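In the two complexes that follow, subunit A is the common piece, with subunit B as its partner first and subunit C second.
And then the complex of A and B:
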């Protein structure tokens, strides 16, 4: 791939300034009249996690009444296992800004908010420097906002709420942000990686973009590979590449592994035997009942217990609940507490059955999809680690811990 | 039918008083913490008056009737 998001000078050299960016890719083109059609043919889907078709979203915003729209480039990236958005902004900030400019042109927006997680210091610095390199008229349309360090900060309604009122908590829908968002105007919220892909599609066309993928899949995608690999790395892969090939591109596995967490905390566990062969393509995975989410591939290392890891993630998600909606506040807290007891081999009677029942009625019962994510994670864990959960609850034994004991 | 209605809820407003489950048990049950679990889909015509009473009787005004096509 000579042209791609991360092609060009290696990322370790820091951000790509405007002139090398333009030398490599050419100047930002005027917004092509049929850009949305081209995006539709490229089959680009949102890279923030939900995977919504980009063209449909843009058309909805462009056709909304209610004043000139606003574009929000979402670089909140609260997912603890993901690195892609912050590293993309650190290394290729001009691609993100190009994409945001193109989006603004296509939907008729006159203002762009670059929303970056406050803890992504390198990304904020790079985006800020990149803004200063743009023309005065471009700068006048750009605003950089740092997002509070919190898992839900990047959720669409939370981002709008923060920019409007300084409160980074989700709000009830309707209205959805594309109807009424920043300053009450229709707001296009798009993940920063998605916008960077647009910057390439607008320059080189949808035929070219589609050809980057493997098989039926289109384009490239950023993937954070972590866990049982030499180190957590960000890679750009042709969409559709087998998960095993992506893991090998990240240096290969450093231990045997029984399971992979695919899609991050909002994704799900997959048995390794199945996972290795899965195509890393948002569409294909959805059809198979999985989710690429925000592109996280976390390989569970040997010696780590899936029940314990799941309980750890649930504790995090329960803690990060905005605590605005009862089912999430109380249900998720209870699930997390029960999972914690099972993980620690101190279950109380019924814990496993409760986890199953409570998680089964969690989805769709919050203002945002925080409870849905947790419910999906629990369901996958109960399936993939079924035997281990039983061992923990009934025998108060952990096969991984007992191995460790046996080895010592 | 254009006016097939379902029960919608503002989850942030809902405080789990549970009045709704008493008024329209055909459509709403409560979870272990007293928060409503709403049955998906259209409200049967015979149940609609009860559903309307649940909407107007909610102490936090968290319930609404909405077209079935809406997502929540």
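And then the complex of A and C:
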């Protein structure tokens, strides 16, 4: 099911080269004078996870003093459950470059950095080839940078830090990158999917874009569906589509499921009974207290324990901490250790209470939002898997998985 | 009697402020050196540094308010203006300068999240002016300035800050990003990753 970004030749055929790209969509239009207004009417939000309104960000960058801005197309995609950015770059690199060119034109930038995770080899190759297909004058403005394989590499300040100093660790704010970023210049950092949407809005208009969504929702969005489905797949859906329909479009569930992880490691667990009916629309989910994050829908398979999976994710997040801020370095490690003991049915007294209390004081205590994301995940897990956590701690029993499976 | 009480409070709060401010200076230098040992984790230097700085402001407000309202001294609000006081113009002027610099340093620290590290750091360098000027103010004026106990406090405070300062100058603080910088240099020399 391909509708907007992924329209054209089906995935699996490699990248769409420049000439078919231009034949299908027309040449890259000159930057429309009211592009930012058009983006505002299209209600496009950042697709990297935070969902910040794109038009507001572009206006801020365009009005910053401090020299010509830089555009950074963020394809770091450190989220382990997400595939959308790398697959978009593999299949439609010219859409991403078009969007970055339009962004540069709209904010007055003369340089574009394409920031791609070093392990996304296919994406790097496609972006590189796409660059060589561009005119010399376009190529001169483009720079391809491979991002270190590390969860925090894609964080905005970490990306700027890496490009400036070769160190992919978050820095404290302010200054925020839109004030002072790459080479000290105002820097517009936008996820690659977001830029690809802009390439279509600029061509076909915001009315067209809005009409792609379901109900009040606008446009389309890329979703990675994984877990209890035949295989992890990337699909493009009209925003507002029910989560159950997206899972069906991905091949349907392969087992019963009690919970869905929505939004990735920085998202949250949702009971399946609630999840199936949720509209996959960033705005609507936010109002309901959930987050679409970077568009991950991971269905917990039957026979897998939510407590064990949560502990596994927390161990990963604790390991991926940049170890710069105390609450993240030590707090996340302590929470992860306690969750690991509860998951392995070897809790020490007070573990569960500690997890609850520590997670409550983690948010807002780091230079970046790494601890906040982990805290949100813990809160959702304690809510959705409350009974299972109790069973693990008090009865030292797991209702779904044998220890052998849990430890694997 | 009440004017006596006010004057005693001025003197006491002044001496306490000197001790606190010197402790703040030493802890600030320790925090910059990323000092740690068993029983003294690194975050403690910065945390106590900040808390004691706030307490110093409280004692200095006490020190100044009691001096200004003291009917005997007739200092008036002009004493808050550097060199605006008729009485011991130089020494009170130094006190006013030290206090106002400290206020700027504390205020920018409380607002660091909003103003950014660069502005914060620039203002924080003024600590190297505020503390010595405050010490001079104490040595230059005050009923107790020649009393043995006050001289002893002065000596201990100056010695403590001097030792910390020498340590700070001689020992380069460890670079928390040392490993990352080495990796970055290696990546750059292989021509990859950048």
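A few notes on this one:
Note that the second predicted complex is superposed on the first by the 398 of 408 C-alpha atoms of A that agree within 3 Å, B and C clash if a C-alpha of one lies under 4 Å from a C-alpha of the other, contacts with A are read in each partner's own complex, and residues count from 1 in each chain.
Criterion: contacts are C-beta pairs under 8 Å (C-beta built on N, C-alpha and C of every residue); 3 or more make two chains touch, one makes a residue touch a chain.
Keep in mind it's a predicted model, so treat the numbers as computed, not measured.
With subunit A as the common reference, the superposed partners subunit B and subunit C clash. In the superposed pair of complexes, A:172 makes contact with subunit B and with subunit C alike. Once the two complexes are overlaid on the shared chain, A:366 sits against subunit B while remaining clear of subunit C. Applying the stated contact rule after C-alpha superposition, one finds that A:326 touches each of subunit B and subunit C. In the superposed model, A:148 makes contact with subunit C only, not with subunit B. With both structures placed on the common chain, the touch criterion links A:356 to neither subunit B nor subunit C. Contacts of A:390 after superposition on the shared chain: neither subunit B nor subunit C is touched.
After overlaying the two complexes on the shared chain, residue contacts for A:22 are found with neither subunit B nor subunit C.
When the two complexes are superposed on chain A, the residues of subunit A that touch both subunit B and subunit C are 172-173, 324, 326. The residues of subunit C lying in touch with subunit A in their complex are 43, 113-118, 176-177, 180-181, 183-185, 187-188, 192-194.
Here subunit A touches subunit C in the complex through residues 118, 145-146, 148, 165-167, 169, 172-175, 324, 326, going by the rule given at the top. If you check the complex, the residues on subunit B that touch subunit A are 10-16, 31-35, 37, 72. Every residue of subunit A that touches subunit B in the complex is listed here, in rising order: 170-173, 324-327, 330-331, 334, 358, 361, 364-367.
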